[in-house]
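Next come two complexes, and both contain subunit A; in the first it sits with subunit B, in the second with subunit C.
== the complex of A and B ==
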């Protein structure tokens, strides 16, 4: 990672920081309405103007960053945990259990994640689920729609790693399954999956915004970019900034995570993500060789 | 080849069956009491327990789930997807009205994505590190990161509000199709352009390309005649994946431009808790998805003999 372009982390990091410190950055309460200042342009009091209810756009954009960040973090962590557990269990145990779990994963991947999330939002609208708030419905729906990718990836890593001679050596030495899995296999799985997840975060931010745009995600008055954008569509002739500002914020965040993904791609990680582990192994071996040479020199 | 082919088709059918069974279970388990929902829609607040029980009995809602799925499947195979709880029309009728709209969206968007991505990818590879390449790279990155609803909104702002060239809502003539097509094509075109660019570069460094140069061929001849056919398989695979993802684009676009397609119906079904409509649309999506993936696999098998051999575990 020595030559890795660390600067590329900056935009994504900025988003995370804005999300974390949003309450201190906001100049107004994002939900407070001011009927004396409707649809105003930028001014000293309202840096990015106000929306159709006189709410401060700047504070709503900042608040939206927090909403996206929190929802994204919940979904990523939960989906990653579920995916890694199911995927690596399937890969490690093998046999019929693996076959069943792979089938489940394949079924879950038979539709695009966002369509599954939409369908689940529909399912959750039933009276059986009225105990969940809309916000949590969205998080659960996205998690259930998102885990399968991580599961497939984890399984592939486990299967590839199990074929390595050192695993057999560990087994011969009497290492237990738990030991082998936690000490030798899990670090490989997590290494790859976490890298993929950091690049995947952009897609998730997009999914959250799309759900809200379609009226099936974060409900008002919580500020959220997709929902701000769809609200602004009604005032597109009076003040297109209501649409353009949240759109630009969203695009900027997705671009920054995609840049991150591309930087990883140049390190040849996605080859491994796509299931071609040879490239990764070669790279790892080359790195090992280089390290050895350094030590020798 | 034939055995591999039959195997793929069989797997695809199994996948469709399993996926529809899962959605059926989820969607029917969710609403709590469909009968109460139907009675409420039919008789307003006047729905009493007796009426609800009768509806449940008539629809066979008291039967065990596998029986209900088998009955639903039998009906679905004969083209009967039930009656929408929201519009009160048979789903088969809704399909007949709405599928052409969505297909037109997908087809137009698909063609546009194909043309754009090949043009951008080849231009980028031809310029190879030059200014054109870098600009196209940046464009592709932004194109793959811009939410499609924002693209749609910007197109409306620029062409309808500022320039007044196209009507904001509905479809009238070819020009009004352009904005939805551009919206839906931008994301897949950007992703595919990257695929073309990266794979062309990869291929150009392979020995046969060097041989081409050694024979005295020009760079464009090597690029177009020797390298381009070699990216067919990664391109096809990604195109298939992106084409199926365009369903999401269609859902968004139909909503923004007020088009009466399948995607708009899906969202309305979710919001109005039309579980019969939801199940029908999800079935349609599963069939579309699995078929496109199957088609891509078969095309790849036809194009590359190596893929026809059974995979080793």
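== the complex of A and C ==
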């Protein structure tokens, strides 16, 4: 039991590594069609067999990991940035501005993120957005559907921290708003939302796959697990591997990220990892202590 | 304590197995005189004037003056004979005598006139040539009428075979009551099932069984599983409950009878007439030559499709001379681009600073399986150096973008029998026609004139006028026909004598006996 957090990390870590080094791991071009090798089982030439167009399943799974990783990273970074900026601003400024922004956040949170993303994809599919590729439509839609949670958390942290005496002390000493926010508050905010984002990554991978499953995400021939699932559905009777393989990959990654997030929340992650993620938080705490001592002196 | 030795265990198992079989035996016995057919959508009340009910169920209940027979042969229906005036401006019909609607109302000239006036000369049905050019109807005798037209309509007789709105309803039928003269009477209908019982007073060949249950099963795999489980007898038909080639192959290996016959509808790759890229004939030629139609038919349709380079298959009347199906030729496709002023190779092409990149609009909702065909074509064109971006959209978006030609490439299909060739030509290749969300395959002023001439030309000149349209489409590479999908049905072994209905807009029951 002592080492179980490392086991939790393995699929997520593997996913990230495979995503990063996909071009060097793939044995075939994932888009290359071979009509002489349709729906073949695993072999030396094709480790996980081939799909209905004779494409190498192993390479498509690896390529799919990269597609999901890149899309997930874009959405997480963008949603996190938007959420932190809006939430922190609302919490720091307060008053009517906070009320308005909180209302917007509440409205965004009132609907499931996937429903918002689907609605936005519907809007983006119109003539006015035909200049955008399906991939970027999906990134933008998911970002706009995902930021609100981070905004709510950021605002809550900011409001809590503003009540602390050391903030009052910093103000008394003439520290600027930007100084107070960036040196004393932002590290707390990031400490929390980054931990939350680690758990959110799994949900995001699933959302990307869901949109692709519905035909609204990544465009062919780019391999993507959700798309592989839906394409394999037509062949589920005679070649269930077309559904099982991407399904297993998706399940492993989502479960792994969820457990990782939970482990973070319960502080069960290995010390080295926890230390890396929480280093910023400790540094912030040290800065606060220093400021407090300075005021007391 | 219960003691279970081997003998009692076997006896118990055998008993339980027998008991488990009983319901199925009872189930089969209960359906001995019933044909159970899958339908993809509910039939509704079979309103002949509203586009709400699935098309496939009308022909079981309602008759037309003329019926569409195998190969497009015109067969007597409620009219036993017809005569077209030499000037083409009137058509006289001898009505079948002794026929009554199933509510007892006699079918005669008055009933025929009442029915025809419901849609002839009505703006909503101007897409039907005979309705658009209708002048008046005269009753010549109790069982003889004449329809007079403002202009000749060469396809008038074929138009009278279509499903809606031309079929005949009892003039005394209340709203929502589907009462016709056909071989079946609607006993009940709901969102899950429509039950038909045999019309024992039917004027034609009566069905050999007394009851037909149309089960609504929207999902194709669920339909196949229901057939396997013996809960359905027949599945298939593009407009009834489509059966995919892949599923047909699987069912064939499990002892089901698969009936496949040459189809009447062509799957076509349409080039947008408003796309600057697609207005370059060199690009259209490159796409036309860069696609392996035989591979599409074999790989994605399991051989249940026939590659084609023509707009209409020979199963449709006046389909024109055959164009040899071109073999895929990457070098010729690239040569066409070079001749058109494009520079490049398999890695990409450019002209006047613009890269050759095509938007390929696809909707699985509008055309199931189209994304896989698009992926295959994308791979083929990639080897030519033509980059295609597949845009997968929902039905609503497809219906918005297709009429506006907001795409470079997209899929179309001709209507098939009994609507073609006049139906698809008059709608999908004419600038002024109103096709609503379906869009048009290709339009051009020169083509408008040719189609207008073809649709107005009758008699011996008709074939030549139609051929002029086909030649123009081929010479200008105005569209890229891919395959003609075969008509596919899967039948439970208890169904004997299954023959395909004349069109996929009809239900199968003629000649069928139940074992």
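Criterion: the second predicted complex is superposed on the first by the 259 of 297 C-alpha atoms of A that agree within 3 Å, B and C clash if a C-alpha of one lies under 4 Å from a C-alpha of the other, contacts with A are read in each partner's own complex, and residues count from 1 in each chain.
In this section, a residue touches a chain if its C-beta (ideal position, glycine included) is under 8 Å from a C-beta of that chain, and two chains touch if they have at least 3 such contacts.
Worth saying up front: this structure is predicted, and the values here are computed from it rather than measured.
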Which superposed partner A:206 touches (first subunit B, second subunit C, both, neither): first
Which of subunit B and subunit C A:237 touches, first, second, both or neither: both
Which superposed partner A:255 touches (first subunit B, second subunit C, both, neither): first
Touching partner for A:41 - first (subunit B), second (subunit C), both, neither: neither
Which of subunit B and subunit C A:53 touches, first, second, both or neither: second
Which superposed partner A:107 touches (first subunit B, second subunit C, both, neither): first
Contacts of A:221 with subunit B and subunit C, given as first, second, both or neither: second
Which superposed partner A:229 touches (first subunit B, second subunit C, both, neither): first
Which of subunit B and subunit C A:187 touches, first, second, both or neither: neither
Partner, of subunit C and subunit B, that touches more residues belonging to subunit A: B
On subunit A, positions contacted by subunit B and by subunit C: 122, 125-127, 215-216, 236-237
Subunit A - residues contacting subunit C, complex: 31-33, 35, 38, 52-53, 122, 125-127, 130, 133-134, 215-216, 219-221, 231, 234-238
Subunit C residues within the subunit A interface of the complex: 221, 244, 246-247, 250, 295, 298-300, 359, 364, 369, 371-372, 374-376, 378-379, 382, 389-394, 396-397, 400-401, 404, 406
Subunit A contact footprint on subunit B (complex, rising order): 15-16, 18-19, 22-23, 26-27, 29-33, 141-142, 144-147, 149-150, 153-154, 156-157, 161, 244-245, 247-248, 251-252, 255-256, 266-267, 269-271, 273, 275, 278, 282, 285-286, 289-290
Complex contacts: residues of subunit A adjacent to subunit B: 103, 106-107, 110-112, 114-115, 118-129, 202, 206, 209-210, 213-216, 226, 229-230, 232-233, 236-237, 240, 243-244, 247, 250-251, 254-255, 258-259, 262
